[in-house]
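Going by the order they are written in, the chains are A, B, C and D; count residues from 1 in each one.
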Amino acid sequence: MRLQVPVTLRWADLDAYGHVNNVEVLRLLEEARIAAFWSHGPDSADTAVLDSGPDAATHTFVVSTEVEYLLPIGYHRDPVVVELWIGHLGGASIDVCYRIMAPADHRGGASDEPVAHVQARTTIVVVDAATGRPRRLSDLERAAWQPYLEPPIEFRHRGGR
Amino acid sequence: MRLQVPVTLRWADLDAYGHVNNVEVLRLLEEARIAAFWSHGPDSADTAVLDSGPDAATHTFVVSTEVEYLLPIGYHRDPVVVELWIGHLGGASIDVCYRIMAPADHRGGASDEPVAHVQARTTIVVVDAATGRPRRLSDLERAAWQPYLEPPIEFRHRGGR
Amino acid sequence: MRLQVPVTLRWADLDAYGHVNNVEVLRLLEEARIAAFWSHGPDSADTAVLDSGPDAATHTFVVSTEVEYLLPIGYHRDPVVVELWIGHLGGASIDVCYRIMAPADHRGGASDEPVAHVQARTTIVVVDAATGRPRRLSDLERAAWQPYLEPPIEFRHRGGR
Amino acid sequence: MRLQVPVTLRWADLDAYGHVNNVEVLRLLEEARIAAFWSHGPDSADTAVLDSGPDAATHTFVVSTEVEYLLPIGYHRDPVVVELWIGHLGGASIDVCYRIMAPADHRGGASDEPVAHVQARTTIVVVDAATGRPRRLSDLERAAWQPYLEPPIEFRHRGGR
């Protein structure tokens, strides 16, 4: 099962080409991830996983990010939709996968069917705030996220060759 | 051979933990890449590769990014140093590799020797502005970038199993 | 008459206090202004006033900004509403006035009635792209913006004494 | 006496016109202010005034900002210099005044003498973190900042008529 998180673009996201800047794309993903972690799953998992404020008992840290830019994202008044799912539940880590869906209008096609413009993965480690060390995901957390587990993204391009 | 590009941090780069936000890390890499492409190589390669303004004959687009966050980057008045090299010269693409070097002071070590805090790769495609299609790197461009060709980064983590 | 422009907050707008950072507040105003100029008034005024892209016949430049932060803006899922009107139509300039309205929930009040959190003014000069010089607002532009003309903001604080 | 704070520009500060975006100008001022408050004055004043982290005994809040954009700021590799002084010491507030100095090269002049591109004021209120209420500046703080007291900026433009 995938979450569908709408994220509103801003003019300031655009670069001189009139497309969302490639770094700002990561902001859109961050925005979707925080919204998703905040609002889904049982309260306890919510607290554990999402609560990345400096006072929380559990911190979450991004340890790795991979992004493929498939099509440039132009400006749309309607939010883009970030599809979001879990690609892997590790011992102390979560792979969050994303696809940014938007109309393919820049190609002048007849259809307004949203197509994938970006696909990405972020690996997040869950850290015990008291010790500063990674801690295992609890059974409750696993149960909460299990329904969103789907096959991870197959990236087309990973450098050279 | 690697380029050593100093990049000055800003307070606004920091998040609530007092570390450079993981998205802002990409800005530091972008800053280093633009500075490097601007100032090195012969003029013609310069124009071809770097000149990503909307009026240039050649555009460059980021098609893929991969980042590993090894250590959190705290605030330093002295610039961090972005080591930058070419991991692969493709037909129409360049893999730019980076390591962000900063003192390891947050671990209270005796040494101020800079250590790698981030390693990353960005794949850039060179596009003919007139046709909007990727074009082959010229011999001149290859010759200009050859000295900076070094083995690509071996990423430790690419998503769960 | 005032325009009511909804603007969606982002987590990245917040600073370490959990409030929208004072510089990001200007981004919210920019976002509202661009949305307003884009979608209102006759087409010709639209083109003339809004079209601040580098290829347009008319450019608009911000020459002066004044902002008063009345209450900190906390995070809300619902968009804040930026009230926007014209405080003055000059020869070649427009004073855009704003109030950011949001629920006063941070004070724990019983009411969810939106209250003003920020008031601001931006003065914009209209420039002929060909000459690079300010040009007079046309009669058409004046007519288009006349309905939004209201008394300007009275700022409480303008530095010392 | 004025402080001279160098601030390094970034490519991402530029908008589609190739000038520093008007909102990013505020970031440059913020950067200069934080650097200045951190490094000047006696330690106690330093702590009191600057320490705007969420754990400090004293918080500082921006309550009002005024900016005049005199000339567009183009990209320079050399840092711009932010001149910074105190325009007014109030009971619980400080007016920080700024001028951003950069070469006037965009006008093709013969001279590289830096000229003012921006002038601005930020009013900051000092708040007791325990009570959340403004508190009076201490004698120590006044003494620390007295040397930087100079006449405030005379703004040319404050909205029509």
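We adopt the following convention: a residue touches a chain if its C-beta (ideal position, glycine included) is under 8 Å from a C-beta of that chain, and two chains touch if they have at least 3 such contacts.
On a predicted model such as this, the values are computed, not experimentally measured, just so you know.
*Asks:* So which pair out of B-D, B-C or A-D basically repeats A-C, with more than half the contacts the same?
*Replies:* Comparing each option in B-D, B-C or A-D with A-C, the repeat is B-D.
*Asks:* Return the chain whose centre of C-alpha atoms lies at maximal distance from the corresponding centre of subunit A.
*Replies:* Comparing chain centres, D lies farthest from subunit A.
*Asks:* Select, from A-D and C-D, the pair of chains that is joined by more C-beta pairs in contact.
*Replies:* C-D is joined by more C-beta pairs in contact.
*Asks:* In angstrom, rounded to a whole number, how far apart do the mean CA points of subunit B and subunit D lie?
*Replies:* Using C-alpha averages as centres, the distance is 31 Å.
*Asks:* So the centre of each chain is just the mean of its C-alpha atoms; given that, what is the distance between subunit A and subunit D in Å?
*Replies:* Going by mean C-alpha positions, subunit A sits 36 Å from subunit D.
*Asks:* How many Å are there between the centre of subunit C and the centre of subunit D, using C-alpha atoms for each centre?
*Replies:* About 22 Å separates the centre of subunit C from that of subunit D.
*Asks:* Listing for subunit D: what residues touch at least two other chains?
*Replies:* Each of 12, 16, 23, 27, 30, 53-54 in subunit D touches at least two other chains.
*Asks:* Edges wherever two chains touch, nodes for the chains themselves; is that graph a line, a ring, a star, complete, or other here?
*Replies:* Graph shape here is complete: every pair of chains touches.
*Asks:* With touch defined as at the start, can you tell me which subunit B residues reach subunit C in the complex?
*Replies:* 12, 15-16, 21, 23, 54
*Asks:* With touch defined as at the start, can you tell me which subunit B residues reach subunit D in the complex?
*Replies:* For subunit B paired with subunit D, touching residues are 8, 10-12, 16, 18, 27, 30-31, 34, 53-54.
*Asks:* Subunit A touches which residues of subunit B in the complex?
*Replies:* So the residues of subunit B in touch with subunit A come to 16-17, 22-23, 26-27, 30, 53-54, 59, 61-69, 72, 87-88, 90, 95, 121, 123, 152-153, 155, 157-161.
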